[in-house]
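In what comes next, chain A is part of two complexes: it sits with chain B in the first one and with chain C in the second one.
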Partner chain A sequence: MKSRFTLLSLLGGDGGLGKVHELIREIRVGRVMTTNMYTVAPDDLMSELKELMREHHISGVPVVEEGTLAGIVSIEDLIHSLEEGKLDSPVRDFMTSGELIVARANEPVMEAVRRFEVTKIGRMPVLDTQDNLVGIITRGDIIEALLAALQEVYSEAERIHDHPDYFFEALESDSTSLVLRYNVKHRDFARGGDASAKIKQALLRIGASPVLARRVAIATYEAEINLIIHTDNGGTITADIKPYEISVLAEDRGPGIPDVELARQPGYSTATPEIREMGFGAGMGLVNIDRCTDDMSIWSALGIGTRLQMIFRVSPEETKRNGTG
Partner chain B sequence: MQINEIVEKLGLTVLVGADNLKVDVAGGYVADLLSCVIAGAKPQDLWVTLQTHVNIVAVAALKEVAGIVVAESAVVPDATLEKAKQQGVVMLSSPLPVYETVKQLVALGL
Partner chain C sequence: MNLKEIINVVDGELLVDAPVSIDIQNACCSDLMSDVLMFVKPNMLLITGLTNPQSVRTADMAEAPIIVFVRGKYPAPETLALADDLGIAVVLSAYTMFETAGLLYEAGLRGLGKLPIVRQR
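Moving on, here comes the complex of A and B:
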């Protein structure tokens, strides 16, 4: 439950707010109320009530008669009895009874908060669905519970911040990965490098070392530029990020590379003079990719397209947690 | 050595990143072919080039160079300047040819 909240709010970018919102809407009175409470009977004396309140530092007590709630008696009622010099009177004479304002154990805390707001009372007896008295709730109880929940959200957020790769640990599956997809348009030089820059940023955010992030970004940049320069209709870049390995796939639908081995030779390029003027076409793209990856493979067929797969293994020193911190 | 010191001593023009010149420069790199820069430049290098196309910004950001020095007062397109602003890449301009610019950088001890 905790992980679900954290991950969703992380993905949604709303920090802990999602969880707080959920808490306020979802928490039931039964979870926040005090169950360990004192009660008095209608025939108990106000002097006995005074002792009970003083001893336990409480300001309001439910009055129970034969197992059911008969009323509530507060410190203000006690003051009235003191003013009138009637400490030896029974609680019955001073308690509030009749249409009592109560809370239900199964109602959301938010409802109780509203009732406190409207009625200006300090506490409510809590009843279950059979009208049995099961607890008492004050504004203090609610504030305490929400503060505790906030604290939890906060520590969780801090933990994610300190150890972003906790992101992966929080998800259980036989193989968890984060997949990022980018469309790269043919000839879109203005946005050239955007996909690789975004992948780099994502890697840094989830805890990769700067060295690893740069390695992946450089190889991806070369692949991205290849899609921009050499394809008929652009292509896609898909980064599949696992805690121990990152795979980046650049795919297009043509025209395909006539001779892959030749294309991998340093200095070999089919770039036009116009492309070379922009600083491309050094014939070093695939060479650079090879240098940055732990494994690369190219599949290409004329008229069909090209698939370039780049594998980066995450060495232990390439996660922040084990590395530079 | 920081960029602002180099700008001052060489009389370079700051095209982009005037508020961002307190960056340490570790060394230099010269090339106009982007793949060479990608392969050879190191983080915090000052990259001297004649290339002004918008893609030099992506490469500079990718390699985390300290800044780009465009030599011979080559005219830099607005798209390049705009992208450099967005990506926080420092761009400088030198009136001298690449060779002379590099000689001055070397004389500074870079």
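Moving on, here comes the complex of A and C:
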């Protein structure tokens, strides 16, 4: 679960902020608080408190009376007692009691952060739903947890960078794939190639070989240009990336190809002179796609649309292939 | 051949600068982007008269680090902006495509040699 969040946030490209968001919004105070804490009783003396604070380098201690939280006593309270020369007085005389500002073990850390900000206090006792004292939380605890989370995100990113397979291995299912979808608009030459470029980037990012990324990009680019040139209303490109195989599907809703076999012949094109002027319509698109893919299939029906599926196998010999050359 | 040498050979103007550390050995000359995608190898020089953004897209897909636009045809701003985004250097040559290619060939760049014959309709 944890690694899935991290992987998704890495995919989102927010460089780990997702993890921090997750921590602040979803993680509960109970996971961040210190449970191993010291407490004092109201009748303990301020001098005893002083020793406790000095010995354990702590600056605030919950005061517990018969199992329930009675107050909190801090280093400022200790200073007051010193100023007044009342180290022999009980903690009860100097502690903060009554309407105490507390945190709940089951509330999000975000809530605690807000309360620290508003109240400017240094620490809060943490209570469970039955009002039992279960821990104490400081700004330091939260910062430490955030730093630990960041550290985890970055070492995760490094692991993925060094061992791309880890990306898929971290996810458990019978068949895991990464699916990227793009809408391609009819006649949108300015953005033509955007989807292909993004798929290529994604492939390189998750560790595909440059040769594989390149032949996927070139075939997808040809398909993307076909959607821009030949369709009535554009279409979609869906890349389904598995560790052993990449499938790219280009789909549109018309007009459809009258004769698919003819369209696959080198040099055959129905492109207008205007499109040829733009550098396309040489009739080599499908030929080139065929060359770059391990398997391709076209289904088309007039008035319904066209589905072009391109399969690329991820083989260990990938780098030996010179098909894109 | 590096970027500076290419500019010198064609007496060209550098329109988009990019850090190209590769020693370019081969070039490809075409106005048909499908042909470029079909034949170009990584790290080739792309020489074309097609100045729309698709020439830059094609160079990106084909991993051509430098484009030389020919016959003094100054590309549209969006073409240059895309090249800048993608880190592809752009040179403008006032010579025709034939002469630009000839000068670069003379200076040592090579093409792909003979290719297999493809029957077309």
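Brief remarks on what is shown
Operating definition for what follows: the second predicted complex is superposed on the first by the 169 of 325 C-alpha atoms of A that agree within 3 Å, B and C clash if a C-alpha of one lies under 4 Å from a C-alpha of the other, contacts with A are read in each partner's own complex, and residues count from 1 in each chain.
Everything that follows uses one rule, which is that a residue touches a chain if its C-beta (ideal position, glycine included) is under 8 Å from a C-beta of that chain, and two chains touch if they have at least 3 such contacts.
Everything quoted here is computed from the prediction, not taken from an experiment.
By the document's definition of touching, both partners, chain B and chain C, reach A:189. In the overlay built on the shared chain, the residue A:267 is in contact with chain C alone; chain B does not reach it. Contacts of A:291 after superposition on the shared chain: both chain B and chain C are touched. Using the contact criterion defined above for the overlaid structures, shared-chain residue A:251 touches neither chain B nor chain C, since it reaches no partner.
When the two complexes are overlaid on their common chain A, residue A:278 makes contact with chain B and with chain C alike.
Residue contacts after overlaying the shared chain place A:218 against chain B and chain C alike. In the superposition on chain A, chain A positions 189-190, 192-193, 196-197, 200, 214, 217-218, 221-222, 225, 278-280, 282-285, 287-288, 291 are in contact with chain B in one complex as well as with chain C in the other. Listing the residues of chain A that touch chain B in their complex gives 189-190, 192-194, 196-197, 200, 214, 217-218, 221-222, 225, 277-285, 287-288, 291. On chain C, the positions that touch chain A within their shared complex are 31-35, 37-38, 41-42, 48, 50, 52-55, 57-58, 60-63, 78, 86, 118-121. Residues of chain A that touch chain C in their complex: 189-190, 192-193, 196-197, 200, 210, 214, 217-218, 221-222, 225, 265-268, 278-280, 282-285, 287-288, 291, 324-325.
Across the complex, chain A is touched by residues 32-36, 38-39, 43, 49, 51, 53-59, 61-64, 79, 83, 87 of chain B.
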